[in-house]
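Can you read through this structure? Questions will come right after.
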Amino acid sequence: MAKIGFLLTLGPFQFENWETAYKIAKAAIDKGHEVKMFYYLDGVYNPIKYQTFPDMATLPKDRFAELVGKGAKIIACGICVNARGLEKGKDYIEGVVVGGLPDFAEIVSDVDKLITL
Amino acid sequence: MAKIGFLLTLGPFQFENWETAYKIAKAAIDKGHEVKMFYYLDGVYNPIKYQTFPDMATLPKDRFAELVGKGAKIIACGICVNARGLEKGKDYIEGVVVGGLPDFAEIVSDVDKLITL
Amino acid sequence: MAQKNVVVTMNQAPYGSIYYTEGLRAAVGVTSGVDENKVAVVYLGDGAYFTILGVDRKDTDRYIGTLRKQGSRLVVERESLKEKGIKEREVAPEFEIVSRKEVFELINGADFVIDF
Amino acid sequence: MAQKNVVVTMNQAPYGSIYYTEGLRAAVGVTSGVDENKVAVVYLGDGAYFTILGVDRKDTDRYIGTLRKQGSRLVVERESLKEKGIKEREVAPEFEIVSRKEVFELINGADFVIDF
Amino acid sequence: MGNLYLVNKSYGENGLKLAKLDKEAQVVLIQDGVYVDARRFLGSKVKVYAVRDDVLKRGLTDRIANDVEFIDYNELVDLIVGNKVINFA
Amino acid sequence: MGNLYLVNKSYGENGLKLAKLDKEAQVVLIQDGVYVDARRFLGSKVKVYAVRDDVLKRGLTDRIANDVEFIDYNELVDLIVGNKVINFA
């Protein structure tokens, strides 16, 4: 079984990257692989827990909460979080940790494969 | 003097559009024109009041607060605000109103010029 | 306050970004005020990919339905189709195929031109 | 946990998006862990515009300084320069000009290839 | 009042192709739009402007075609107010 | 373990140009990458895959070159695990 890292630099809704990242990560976990994600730049908007959109049965935050529930580790870049006014991620879904680029460096050291989206 | 409308669909930091919008709007107001802005899609991330970034002397929210102080009217798309988990804009700088596309329709009716960024 | 003629251009492919649907929502929105602004939607460049018959339009059908019911034109530029290698018979029937010259005339006759 | 050789490709022009600077911040970041991963930065396509001598690099100078001090290579692809009409003498001295084949070899020899 | 095409790079080409049909087009290159090669308008009646700040920070001063006029935001506002803006940015 | 080029449209060309030099390249078209014309790899040893969902929702099934193989996310994960990923998406 492999460890797969994800670097996600775009936010929810506007671009398709969060969906692709979720779908690959979910398939990976279901096959028994380990998933570690780092949210960088607009990627830090993904796990805001108050997302609500009548047209969408399952929101980005629900998708990522599902991954956390399945054991994915998710770290968001603190400088990016604070720049965007997300106050150290206080409105994040449970399980998402705010860290820094040294955490990303550690993910890079640790994983077998790395996907950027 | 003219009324100039702005439709802004990208957020702060990631792309250059917020800066261009601010610079055109500021120059317009300083020349005596009237400015009305509508934030749509990721545009709704611009006025979050808790933005903080050590490398940046003046943050996006400060730029837009300056425009509000000079009389610009700013309305953010409510569906976009709620989708992105910004809870009806409760963490917005003062003066930014959460509305809907009918407000944009009204801006379109009202203004002499319209810029999309 | 006055009624405006608005052209909304759609320049981006589905589904890499959401402009393909949110642009249509905005086009409908533009007509929602008391002044009943008029709108036409024009597909250009990569936007032309949206007009391919087989595109999944479940997110956008109701916006297109509303626009058609109120008589708004939905057009795609023939030159853009050609550049993308899309044959005219591959275009869904709700989109009118027009020349670049006609697109220019539409834009030239509009009060505002908004891009998505 | 193991040291990794990482290539960071830079594919976007300054300043339309912030990838030109945040990509460099991430490249420095990659080397910041206990395992001291190695990094090389490669400018491709529109990214080549960043290597033009006159680009305002006040946001990025310190990242470039750090990368150079630790011996990380900063290279720009000759073919990309040519495609953009950038002459080699217009390229700032901190960027090494290499062929696409050399870029391929760098990438082929890396453990991970990250794009910005 | 002429048509003022406001273009950046992402899909500005769509606007520039229309400007070619427009006898009184004025084009403003903004953001990464200043990377666009404006020589295509040489010898035509199309007037091309570029936002000076956007050119300077990209180090492109010597690379921009000769007949492109650099403008600041004050001048851009005057162009916006005096023309119809065709947005492609 | 070969090289797996993961490309979408925005600057995927940069990756595809490198894949052309790579005798054991495999290319995966994702998102708007499925609009890329894969015929350039005809007759080469490069194996091209496209994510089926991304092709279907864009209505491109009949437009994709014949020798492109459609894959789902399970198959994509197997390719990721079995190769080195060269990210251009």
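For reference, chains read A, B, C, D, E and F in written order, and residue numbers begin at 1 within each chain.
In this section, contacts are C-beta pairs under 8 Å (C-beta built on N, C-alpha and C of every residue); 3 or more make two chains touch, one makes a residue touch a chain.
Just so you know, these numbers come straight off a predicted model, no measurement behind them.
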Chains touching both chain C and chain F: A
Euclidean distance of C-alpha centroids - chain B vs chain E, Å: 24
Whole-Å gap separating chain C and chain D, where each centre is the average of the chain's CA atoms: 39
Geometric centre distance via CA averages, chain E-chain D, whole Å: 30
Chain D residues counted as touching two or more neighbouring chains: 15-16, 18, 46, 112, 114-115
Where chain F touches two or more other chains, by residue: 10, 31-32, 84-85, 87, 89
Chain B: positions in contact with at least two other chains: 13-14, 16, 41, 114, 116
Chains that touch, pairwise: A-B, A-C, A-D, A-F, B-C, B-D, B-E, C-E, C-F, D-E, D-F
Partner chain F, residues of chain C touching it in the complex: 13-16, 46, 49, 52-56, 84-85
Footprint of chain F on chain D - complex, ascending: 9, 11-12, 44-47, 79-80, 100-101, 103-104, 107-108, 111-115
Chain A - residues contacting chain C, complex: 13-16, 55
Chain E residues within the chain D interface of the complex: 8-10, 31-32, 35, 37, 54, 56-63
Interfacial residue positions of chain D with respect to chain B in the complex: 15-18, 59
